[in-house]
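Structures are listed in the sections that come next.
The two complexes that follow have chain A in common; it is paired with chain B in the first and with chain C in the second.
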Partner chain A sequence: MATIHNTIRTDTVPAGTSPPAPARASGRKRAGLGEKTIPYLLLAPAVLVMLVLLAWPALQVIGISFRKLDLGELVRGEVVWVGVTNYTEVLSDPEFWTITLRTVLFTAAVVAGTVVAGLLIAVLMRHLTGPVKVFVQVTLVLAWATPILATTTVFQWIFDQQYGILNKTLVKLGFDSFQGYSWFSSGTSTLTVIGMLILWQAVPFVCFTIYAGLLQAPKELYEAAAMDGASAWQTFSTVSWPTIRPLVTLATFLSVIWDFKVFAQVWAIRGGGPDGESTTLPVLLYLRGIAGRHFGVASAVAVLMILVLVVLTARYLQLLLRTREGDVS
Partner chain B sequence: MNKTRGQRITLNTAGVLVALVFAFPTYWLLTSAFKPSTAMLTPDYDLIPLSVTFDNFVSAWAKPGFLTHLTNSLIVTVGAVLLSLVAGVLAAFPLARLRFRGRKGFLLLVLIAQMAPMEALFIPMFLLMQDAGLLNKLPSLLLVYFAITLPFTVWTLRGFVQGIPYELEEAAMVDGCGRFGAFRRVVLPLLGPGIVATSVFAFITAWNEFLYALVFMRDKDKQTLPVWLSTFRTVFGTDWGGIMAASVMYSLPALIFFLIVQRKLVSGATAGALKG
Partner chain C sequence: MKRLTKVMAGAAAIALATAGCAGSGGGGSEESSGGPRTLTVWLMNGSAPETLTDALNKEFEGANEGVTVKYEVQEWNGIQDKLTTALASQNPPDIIELGNTQAPSFAALDVLTDLTADVDSMNGGQWLQSLKASGEWDGKQFSTPFYAANRSVIYRTDMFEQAGIAAAPTSRQEWLDAITKLRAKFGSDPQFQALYLPGQNWYTLLSFIYDEGGDIAEANGTEFKATMSSPEAKAGLEFYKELVEASGTTAPKDNDEQNPEQAGIYGQGKVAMMIALPWELGTAAKDNPDIEKNSSAFPIPSKNAGETAPVFQGGSNLAIPVNSKNTDLAKDYLRLLLSDKYQTQFAEAGMVPGASTDLSALDANPVSKAMAAASKNGRSVPATPTWATIEAGQNPLKDMLTAYLTGVKDIDTATTDADTALDAAFTG
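Our next item is the complex of A and B:
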């Protein structure tokens, strides 16, 4: 979940050390009839929960997206099928396209920033030694572990209009125009602050992931490169990069999945404001569904949101399923 | 690698700068929480605190609702973690040790469930909980957190069980234990570290969760800590010291648990990636 950015960012991390092939237990002991049902009994609770609380809602969201389901229908318990009306309503709304574009651009900017910063700090960390290295690692872990909402409140305090330390510092440095400057007066500026907030929480995971990869690169290759008189850049591009490339890809796609779905930070900072200018797709979904009680329309937004996410991560999902097939066997 | 003195100074300076940038919000959270309220809303430049007080913690603790929200958060989080662990251990054993029809299918289901964008499913979840009469009640949140943390728990625990040599169980069975006796006496004790790591991940996930808590809990006294913190303006006004102190108290359990398993988090996340 981890979503330590979320959540802590562990939710989509395929965690756990890659285990050895399972022991072929059944070959060692002939199973009786009763024993055949045992695996299913043991799996039953997990299966039940995943079917009722994950698979069923996933099917439901598609079903509801083809229904008119406002508060009235809900109270009367009516099922009104309306075909693709919800989708045409959502898709013909220019606001939906603005918000989708904004969400995609915002995700792209935050992911790019996170991966570049994570990569640079990981490379830096490999060259550091002693107390400075420990200092960097401890601060990264603290940033990672602080709960999302705690970080969100401290960022609001730092960026506070009147007494925030940021404005005070800027004024002190001679930028007098920042006296009482409001960072939340426009959508772009609000999203910039939210982006920095997400970045701050997201970089540690990416950085440690890439750093772990850098440590895997064989030492002899670095020594050989040094003996050949390779420059720092040549060493990086011929020795380090090939080792960490799969990890950078992994971190990039996981970041896309996480940052695209971010709700808590956007909502807690300004509720999508000012004037809806920092509203992203998850916020729109909340506004339509829970605040507006248009469950059918909101479900259409949810389905479209999942589709956009699948399109953005299609290549990764393909890669992931291919490499995971081995694990499942 | 030998570096010149100049190179080392440059690298260390860059390292210290990075650390300062990342440390600052945490630093500011802590120092603000310990600052007297008279030192908060002043135009004075106060990067380094001059006096320390616990007043903010006392006032945040005494805020109406803080204890209720803390209790709510603890109930749903700890409850979900326990349920996840029980269902997870039960499922991990056959997945790691037995061969049966449908095993692959189940593992695929777990993988897909792990990637499911839960943020897009709250409408049907909301309606489901309404039908079940659970809306605005803690069990609804507990169940959803159970569902969110379960796939990951199953997958990780299965890995840990596979890491325990099967020969140990065989030896126990030769000595007269049944298969489940062997599991209980041999595997379960060795699974300890795995259970600790897994439950910490689950704890942090649920402790952080915001969206479902916001959607399900309409009554003020049913809210969890993160939702309550997001509305701090109505509770604290401009008492930034109080809100920072409340944030520190909210962060502590997550920070402590996180430090316990920090190393495993990194290796766990990368283990599957390297061979790809």
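Our next item is the complex of A and C:
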């Protein structure tokens, strides 16, 4: 767009009417200092807020990860540097690697599920009209707007061993083995329930984001595709997909960050159990930091989590660096 | 250069999204002034009746001129974080209340004032043994007992009568017989439960294990080794399962007595017994006011007829933060609170006093009476600082119960796994 405007402008400006150059130069000189500093002054509050709220805590966490900081040190105000002890302690624990792998796989599964479901519903919504469309949209907004813990409680009720509606329904349908079936007796089954819970809460945002992108696709292109006899899949892949691709990438990136660090739902469902089989990295962080009060070790876990996230999102960060104006298609 | 900046900005953004905690501490310094002083006291919600604390604070202010007691009631929810922050501050409260299972985790970290020399002057001869033990670390006393409570079997007298059970059970066998009779009488109602017992009521499991002569762990100085796979502990676990099966309870096997809240289920009137703390009957009565007069309680029966099973004794301890600037006043306050005068009032309020062996005031109410009877045989969890982590984090005993009761693991695997998990936590 910008290039088009520039071309038009240069084309329409008559060649002979160049503005008086000296006057313009002197004007620029007069305002020189102010013009240069004003952008920085305007940016300063935001930069300051970011430094205080973002950079400082991050640096603190990194600093603490090299200290022994238990409740005792905290109360006595001691600063005990221990080098990389916290990191060796965390990294030499085989459970850390199990938990990291579990967290990465869990994140991948939930993000894939969220994006696919969001995409499908978004495409569906484009084809819906009238009250049905309104109904779907209201439903999505409600699922999104419900507080996390309220939804979590509802899910706990649904999957309750004795009183849950799911087991009761399954038994009514003839699956008698679900009488008193415990959905939380293994880590995989527990994580599946948690995954569905997170999916439930995450799909609306992704769906609306992609739907907004779909609305941008020019109607004429769809009409042209229809006239050319394109199949539904061809229409999607040649008309819809190029328009929404950047948004899908963005939604995936954000979902990775959100789902990787999700804590409340995992903790509320079974506290990372049974036998720690649904423990993810944020839960480990909580166990070490808040429950165990080894703040140094917990900070090391936090720093390692950031590193894992950077690795996971490396591709997106790379795209972000290569392109301008946030266009990451 | 620009690349690097962008990468750093990205990393910082992620850091913000994930970073949980950051903190810094300040040093404390001893300082006392001659002018008016304020003694800050933090007690927990539900611990002491207001009439008692009002009288106590008034008496203390009267006896110490120029001293004001700043009395603040705290909520249990999130108290560990709040205490951590408060203890680290320059100006911590002067007296704090700690859950007895949390107490060692504070004592072991040198954040509490050593009270060893003051035990005698604080009515030490009358202290409740299990709470005294939870206040000790490495041979020193870091917190004093406050009050205790333990579970007993709350039951429906009307249902027992209709089922033809003449007296409250006093042995495991009588208990099981009572369950059989109750089911025979009321079993036609599919919602009836002779005993409501969820799978993860580990406090009750401890009672059975203690009764068999076992324990969670054995201590060697300040080192602990889990003993869940001992024959005694296994026998306790077996009895838990027997009870779950005999009672036909429909309580979830993969959850504890608070999820769903068992008092609410008892309050619906279809449950003949629950193993609960005295005030849970009050909670049940909120839904169903009639239930209180039709309920009574008996101590958890022992396998030896006529005895009561040892119980897990929950309760609170009192301590003085090491950064407190009014240690002398705080000790005086504790002396007054632990004196016979106020301890008797605790018993009258329905709690087992931490520093009085006189429990006669509890006999007025049948439910408190059952608790008092069992409290003489009260025990606590291993006095290790790591136990607080287990309770605040992941409790292997709960996992063990669920795995065994649902048949996911056999008794050997379940108990050995619990030992491994506990030992890992003890060294945590």
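Just so we're on the same page, the second predicted complex is superposed on the first by the 262 of 329 C-alpha atoms of A that agree within 3 Å, B and C clash if a C-alpha of one lies under 4 Å from a C-alpha of the other, contacts with A are read in each partner's own complex, and residues count from 1 in each chain.
Here is the rule we go by: a residue touches a chain if its C-beta (ideal position, glycine included) is under 8 Å from a C-beta of that chain, and two chains touch if they have at least 3 such contacts.
No experiment lies behind these values; they were computed from the predicted model shown.
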{"item": "Contacts of A:173 with chain B and chain C, given as first, second, both or neither", "value": "neither"}
{"item": "Partner chain(s) touched by A:39 [first = chain B, second = chain C, both, neither]", "value": "first"}
{"item": "First, second, both or neither for A:186, with chain B first and chain C second", "value": "second"}
{"item": "Chain B versus chain C as contact partner of A:287, first or second or both or neither", "value": "second"}
{"item": "Touched partner set for A:305, first chain B, second chain C, both or neither", "value": "both"}
{"item": "Touched partner set for A:268, first chain B, second chain C, both or neither", "value": "first"}
{"item": "First, second, both or neither for A:75, with chain B first and chain C second", "value": "second"}
{"item": "Chain B versus chain C as contact partner of A:295, first or second or both or neither", "value": "both"}
{"item": "Touching partner for A:58 - first (chain B), second (chain C), both, neither", "value": "both"}
{"item": "Greater chain A contact set [chain C / chain B]", "value": "B"}
{"item": "Residues of chain A contacting chain B in one complex and chain C in the other", "value": "53-55, 57-58, 60-61, 64, 74, 160, 162-163, 257, 261, 282, 285-286, 289-290, 295, 298-299, 302, 305-306, 309, 317"}
{"item": "Chain A residues touching chain B - in the complex, by the definition given at the top", "value": "1-4, 6-8, 10-20, 22-29, 36, 38-40, 42-43, 45-47, 49-50, 53-58, 60-61, 64, 74, 121, 124-125, 127-128, 132-133, 135-136, 138-155, 157-158, 160, 162-163, 165, 168-169, 172, 200, 203-205, 208-209, 212-213, 216, 222, 226, 246-247, 250, 257, 261, 263-264, 267-268, 282, 285-286, 289-290, 295, 298-299, 302-303, 305-306, 309, 317, 319, 323-324, 327-329"}
{"item": "Chain A residues within the chain C interface of the complex", "value": "53-55, 57-58, 60-61, 64, 69-78, 156, 160-163, 180, 182, 184-186, 257, 260-261, 270-276, 279, 282, 285-287, 289-293, 295, 298-299, 302, 305-306, 309-310, 313, 317, 320-321"}
{"item": "In the complex, chain B residues that touch chain A", "value": "1, 3, 11-12, 14-16, 18-20, 22-23, 25-26, 28-29, 32, 40-43, 45-47, 86-88, 90-91, 93-100, 102-104, 106-111, 113-128, 130, 143-144, 146-152, 154-163, 166, 170, 179, 201, 204-205, 207-211, 214-215, 225-226, 229-230, 232, 240, 243-244, 247-248, 250-251, 254-255, 258-259, 262, 265-276"}
{"item": "Residues of chain C that touch chain A when the two form their complex", "value": "3, 6-7, 10-28, 80-81, 84, 87-88, 105-106, 109-111, 250-255, 259-260, 321-323, 388-389, 392-394, 396, 398-399, 402-403, 406, 408, 417, 421, 428"}
